[in-house]
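Naming follows writing order (A, B and C), and every chain is counted from residue 1.
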Amino acid sequence: MRKFTDVTDIGSLRQAVDEAFEIKRDRFAHTDLGKNHTLLMIFFNSSLRTRLSTQKAAMNLGMNVIVLDVNQGAWKLETERGVIMDGDKAEHLLEAIPVMGSYCDIIGVRAFAGLKDRDEDYGERVISQFIRHSGRPVFSMEAATRHPLQSFADLITIEEFNTVERPKVVLTWAPHPKALPQAVPNSFAEWMNAADYDFVITHPHGYELAPEFVGNATVEYDQRRAFEGAHFIYAKNWSAYNAPDYGKVLNTDRSWMVDEEKMRLTDNAFFMHCLPVRRNMIVSDAVIESERSLVIPQAANREISAQVVLKRMLESL
Amino acid sequence: MRKFTDVTDIGSLRQAVDEAFEIKRDRFAHTDLGKNHTLLMIFFNSSLRTRLSTQKAAMNLGMNVIVLDVNQGAWKLETERGVIMDGDKAEHLLEAIPVMGSYCDIIGVRAFAGLKDRDEDYGERVISQFIRHSGRPVFSMEAATRHPLQSFADLITIEEFNTVERPKVVLTWAPHPKALPQAVPNSFAEWMNAADYDFVITHPHGYELAPEFVGNATVEYDQRRAFEGAHFIYAKNWSAYNAPDYGKVLNTDRSWMVDEEKMRLTDNAFFMHCLPVRRNMIVSDAVIESERSLVIPQAANREISAQVVLKRMLESL
Amino acid sequence: MRKFTDVTDIGSLRQAVDEAFEIKRDRFAHTDLGKNHTLLMIFFNSSLRTRLSTQKAAMNLGMNVIVLDVNQGAWKLETERGVIMDGDKAEHLLEAIPVMGSYCDIIGVRAFAGLKDRDEDYGERVISQFIRHSGRPVFSMEAATRHPLQSFADLITIEEFNTVERPKVVLTWAPHPKALPQAVPNSFAEWMNAADYDFVITHPHGYELAPEFVGNATVEYDQRRAFEGAHFIYAKNWSAYNAPDYGKVLNTDRSWMVDEEKMRLTDNAFFMHCLPVRRNMIVSDAVIESERSLVIPQAANREISAQVVLKRMLESL
């Protein structure tokens, strides 16, 4: 695998999930594979789960790991070509990327959407430049429009806990005080569509996701109707995609919070969220602490999804 | 060992010190013990010695190490349950802790006292939650009320340099420009009492430590009298414990500084301090640079105390 | 090798370059050499290339690596002796250095010039104290007056690409919005003089480097004349060395930028820069992106120069 930025990079989902389960049974079965190979993790934004789980996955494979926080202890990077660099940015990505590539074998990049310019965000400029100029396999640790390691972990989790033939999976918008990217819901929709579940997206008017991510999903504006008969409820906030409101918070309607009363509308559904989660904004304490909450197993599977991707990249070197 | 937060967790001090000396003779005798095991070090506060010595100890045992500075490159964490999380804290400890636990085998936590609310500090809320919710062995890298890796290193150092049967060990308060927690003096008192030395605490009126830490120690308000015949002088600043002055600097009386003239009152005592130390506030240049100063061997023994704790935790997995 | 701060520490340049080429052919030939040995990298200033390439070099040799950013997650350090430490600096270098030395086998230090006091900078106080007090081999990751890992990588790069018997190498000043240290040009001059190339330095009046670094180089104030017949153009900005302008920007004359028209004056010279580089200040997009630009191979050789130095230090332990 030379890149991992969207669902198509992983090939057969069935095979990917089987490989994940195999790794989960013995995560140290391939400690020689990564020997003398270095993962470079580059963060343009904050991280907790991704930082820890990806390091852990790489070490499980015997890799060396270097973590670089671009905004701490390194230079600020210019991303535009043609600029006279007389400001506060000391280095251009066009130099920094091949240089970073020269010190490692595989690169992970986190670069969030700026939420100011939709074309720029959906152009995925930062991670695309890494793919083009680093000379190394590159995987997304959450880019502007997708978070595929999360979605892959979500898929693994659903496959672990699902007991019906074709589960009903509901992605529900929920309120949040700040404007958040669409990366997680986009990506989740992309993977759920690829998995061919009965997939429903519910959100207030104005929060429509980009059509290429909605795909064949059912969009239902009535949250309670959407929840009926669901097997998995996946809550997440996102900001508006549609112009001219791109990146804005249109609504902080607390009535969209997931609580016990709404969960009773489902078919005893599991509750999922990618974390970090705002308690009592997105979800009530009772639901997230219930026996049907999968947020911790989901996060634990981040190590597994990362390890599948790293293993495949190592095998392809 | 499933936790290491106070002196009772280490069991027999004699055995612990013997194990420390054994490790010191060959710190690479157990490099297979930590293989495929990961230490996660979580810092809510700054660190130099603890950061370096604990990493070194873990690597001596063949462990993988992940360092997380919660206030750099990660989210701010909510610690209260029931809160509507609409402020600047993006994640709750109740999620973050089990997630962190899922990516590692052993957890070290540093979380200082806030010095605002004594009950909160002495309740040790942060490290207690890690013990309760992480599912992993947890050790303190300095918590609100104790710094046991430091005290264990102090004990090892005294045992290395002591030449008398039952040494007189004096803990003396010394001035400092800022309010500091009581963790180091509390913990030192706890370990010295457990070691059954002739243990004396000296400080100005108002700086009494909590009775559960003072234990059977002699409290002497006259610093010069306390120093008479001492074999070890341990200097440290701390802020007031007593209500209503909890966490306050009552006094910056420079006459409490440890200098050569005072050291002459002792029985040629060794000088100790946990570092970092403010020179010419806590101790004069001459004393800290003298042949009887143990501050460097003491710091070097932090690697050893951490290695004993990690070794025992690995053995108990 | 017990220290690496200037060109004399490396001994024969011929042998050093040969060893570099040998490592480049197989950088994992000595993975046992570093086993159970720890490199401590201490940054007082920001870093990208040095941070990554030195970690990579150490891991190639099987070493453990600890990275310490002194200004992030650690205490501020006092460097003056005799001070009453009642300000914001919590620890003295005189304690911190031997403590750091006790947790590792080799130390790398980055400590830039302050550009305020020439005598202080050229006295190299920080790295000298590490050499004197750490008890460990110490190498410079860029000190106040030299950047020898960079210059060694530059030498390796010239030796890789050079096709003539005695190349003409030109170090040219170029404009920059901020005041930069002289460490890179000083060091480059030192190594080029030692390599006995036809070495020319060109800069505007007022930017003369310290005589001990200029050595036998030709100084030419006319940039275009300097470029004539050159085989390697090495661009770099620096601030004034001469009193009373020490550390100042005297000039931001854009006509000193390296562009295609000037490169045509050379004998089809290669373009070099240590990075990070300000595009369209120091060098035009066209020159840095041209086939004759060596900035990426130069940076890649930072891993190699660091590995030679670490290998020699490990061999001398």
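FYI, contacts are C-beta pairs under 8 Å (C-beta built on N, C-alpha and C of every residue); 3 or more make two chains touch, one makes a residue touch a chain.
The structure presented is a predicted model; accordingly, all values stated were derived computationally and were not measured.
Minimum number of contact steps separating subunit A from subunit C: 1. Copies subunit B and subunit C of the same chain sequence form an interface built mainly from non-equivalent positions, shared numbers / all numbers used being under half. One inter-chain figure worth recording: subunit B and subunit C are separated by 39 Å, centre to centre, where each centre is the mean of the chain's CA atoms.
For subunit C, the set of residues touching two or more other chains reads 72.
Subunit A makes touch with subunit B in their complex at residues 28, 31, 43, 46-49, 51-53, 55-56, 59-60, 69, 72, 177, 275-281, 285, 288-289, 295-296, 299-300, 303.
Contacts from subunit C toward subunit B in the complex involve residues 36, 38, 40, 64, 66, 68, 72-75, 78, 81-87, 90-92, 94-96, 98-100, 102-104.
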